[in-house]
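Letters A, B and C mark the chains as written, and numbering starts fresh at 1 in each.
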């Protein structure tokens, strides 16, 4: 083989590089694998519905983190704001209906966000510290409030609220009858595609739709309005902004208020859509995962959505049918094998070995053992997120002034 | 400005913080329907009993180690949220290996501690490597790795693999570590109990931490990088190498957090091994402002609050009051320190301005 | 101290109360319908009672605490009923995730020291601590639920044959399934819940050899969030229902509500645990609850307190199984009426030893 022809083999055709093609290709491969390995739940209507329900709270937390970080403030207190949203959302929701719950939850989250702003912006406390303390505060406060408000109420206790009403779900009319035959047909790839579309368009909670709608709204507000420009300016170069009359503290307060409100909305989602009551500890770290999606998403809302979906999808998979995680593992093994082969063809032996070993290990494991132990499946979403982060070659571009408290020269 | 005034100012911060925290506590206790003075008095009386103080010291030892581990990372603004996973994995490995070998006492202990150090170091190094090589933020990677650690331990802590289940018990534990691997307790006069021998190692860790930071080149580099990354880089200090070193060191110390319990009390790792100490470490490091003595005080205060809370439970007051109290204390202290810092800065500016004005033209 | 004065007052009241107790009828524990081979109700005394020795009862919880509507609540209810009958005071105390054995021991010690004569530790994590504290307070009586390793003349182990009760509901599922696929959702993968799984699987197989079973646990230890995560419970159940399962046994504590919701949503069945969940669930959901595996924790705790009160305490392990009505299956809703005779046959077989139910999967 000549050097040129080898290079041609190893080089990537233009169309393969486009993200859309990659997604479609990945979908096709996984779909075929799921058929071959008898794991029909990988792409199913219920699975996609579950993915939406798992991703939405993380997405809301992620958007909350985005607003805060774009203004230059790290918001580790998202978990606490979400907890506040769950408690107040449930407390108001069970007494006065979903609407009241919504308002109460968002307000509680916003209040916590403003406290975070007060501490980190006005008092100049280290932002991570103020965030961590707010988490502590929220956890203790809600338990304390539960002991006052829920103990003695029928159907409730110190750790749970009474049942909270839910939001309505909607479906696109007609699509069910249209696509169900295709879904049931059992044709590889096409049936899965039909299932995915059905999952996205039927029985979706209005709150999920609202959460999704907040993504383009966030993008538009932060990148297409003057307000958004100022917020971002404050996050990149607060001194310059200040010299132009854009007071950093004002915009950081605003951004943190929005951030807390979004996290609170995520909490409301948990008590109304994802479950139907407040349960102590139900946020289970979702605030932190939301923060992770922002970093995963390179501080832009679309990638934040992608990150939330990656986590939500794997979480839904391993909760519904643990065997499906095995399919992901095989898919990953196949991907590594492909990369290893390409590296080998390009004479990059080190790269070939680097990808070949995990490929071989994963495929061998699955051939021999066939089932991933339940204990190891439990961290599938976390490991997936970590791997995607590690292997997605990207130049992370956080806002330049992120985490640095703004102090005017005259202050310090 | 006189040194006396400076010292007085430095003390007002924690005093003000404590005052604010107790005011908040009084309000909450009142809301809960209890008499604040009597309750706090009871808690204090209980807390100051010698037996309780001994227990508080024992409780504070792992908090201190976790605090130092967190503080190491804090210097470079690396938030090692993974202390939890690191210490549990390290304790598990140490328990398994410690039970599997039989060596004379000092060697056995040294082996167990080494295993814990290495495992903690390794697990944190994964996060450090991901940060340095692939730019993955430490906060995320450590959170994810915590989940992975939990799953790994759950998988291995099974009678089918590395653990055992006593008949009639619902607990799964590793095999017991033979006595040669135990840490001897420090006996105290009277009937007040004994202090966990790991205190000695904890003190040693604290001293080493202080020495490394203040007397070695590496420590200087870390502090320089913490002050100003740009200046440090210009001076030739390489950030990636330092970040990796710091994360690994933080993990190694984190690996020790579970050992007081493992070697001084339970001698095996089971389903009931204490969890969540990592987050306490973060809070304690904040309270102590990353200073070895400060962290010790913070750890003691935290342990004291938790222990005294037991009495609150008995009196029918929800323990959550203590949780809120802890959060408020952390917040008040940082706010207080910030305010004090501003006052001092303003005073210094005034002092300098006066000195300049007073200079002959 | 205040406590002592209060104690004396209560003691006087208790004597009077005990004399009156015989005239007041006791309600059935927690209102649950207890069915099985024998109906067990705490004995009502028609004759005047001797002086009760118990004036203060304490219940110390494990990590999950109260409020799950199930196991912990039942344990409390039994003790509470005894307290009401005896005119005694009852106190509950909770635990924290980062508790060490020392903390738990201190909790028990404080209770014993404050004069609580009957102290119940709910959960296996109290085993070691109770062994220590029971020796320190030989005049106080202790009980530990779900553990059989504590050996002391003043300690009783309250054990339940969960696997036997689970066998019965498994048989019910095996008989009622129309798809020959059933499911099991456990909260956390710990040996205690695996007993439920083992019994359930055996019951399904025995009643319907052609049926298959799908198993999932919501979380891994020490992550005990599976006990309180209805969203995950719901999604796990939906996943199973989507894959052909039509009856799911939810041994998932507080997450069970999610499973029942999913059953109602998809028009399938679920099985409750610990308490009769038909009585606790909201109307929309209850008609999909086939039956519940009753773990009459209230009976265990009630019997313990009463035995201490009237000096009939017996140390050692008390197992509450099918033979003495400690476990059973619920019939509320009438969904298992057509197979009751077969289920009762199986129960008799188990009691007679003709069927041996495994405790591990």
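One rule holds for everything that comes next: contacts are C-beta pairs under 8 Å (C-beta built on N, C-alpha and C of every residue); 3 or more make two chains touch, one makes a residue touch a chain.
Being a predicted model, the structure only gives us computed values, none of them experimental.
*Asks:* Which chains are shared contacts of subunit B and subunit C?
*Replies:* A
*Asks:* So, comparing C-alpha centroids, which chain is the farthest one from subunit A?
*Replies:* C
*Asks:* Just the number, please: Cα centre separation of subunit A and subunit C in whole Å.
*Replies:* Distance between chain centres: 38 Å.
*Asks:* List the centre-to-centre spacing of subunit A and subunit B in whole Å, with centres computed as mean CA coordinates.
*Replies:* A distance of 30 Å separates the two centres.
*Asks:* Can you pull out the residues of subunit C that are in contact with at least two other chains?
*Replies:* Within subunit C, the residues that touch at least two other chains are 189, 220, 223.
*Asks:* Out of subunit A, which residues touch more than one other chain, so two or more?
*Replies:* Residues 158, 375, 378 of subunit A touch two or more partner chains.
*Asks:* Could you pull out the residues of subunit B that touch at least 2 other chains?
*Replies:* Correct list: 150-151, 154.
*Asks:* Can you check the complex and tell me which residues of subunit C touch subunit A?
*Replies:* Within the complex, subunit C touches subunit A at residues 65-69, 73, 189, 215-220, 223, 225, 228-232, 234-236, 238-240, 242-243, 254, 257-258, 261, 280, 282.
*Asks:* Applying the document's contact rule, which stretches of subunit B touch subunit C when the two form their complex?
*Replies:* Listed in rising order, the residues are 55, 58-59, 88, 150-151, 154, 157, 165-172, 261, 265-266, 271-277, 280, 306-307, 310-311, 313-314, 316, 319.
*Asks:* Would you mind writing out the residues of subunit A in touch with subunit C in their complex?
*Replies:* 40-41, 44-47, 49-50, 53-54, 155-160, 163, 270, 274-277, 279-282, 284, 316, 319-322, 374-375, 378
*Asks:* Taking the touch rule as given, give the residues of subunit A at its contact with subunit B in the complex, in rising order.
*Replies:* Touching subunit B from subunit A are residues 76, 119, 123-126, 128-130, 132-134, 136-137, 139-141, 143-144, 147-148, 158, 285, 288-289, 291-292, 295-296, 373, 375-379, 382-383, 385-386, 389-391, 394-396, 403, 411-412.
*Asks:* Hey, which residues of subunit B end up touching subunit A in the complex?
*Replies:* It is residues 28, 31-32, 77, 79, 81, 130, 134-137, 139-141, 143-145, 147-148, 150-152, 154-155, 158, 279, 282-283, 286, 318, 320-324, 326-328, 330-331, 334-335, 338-339, 342, 345 of subunit B that touch subunit A.
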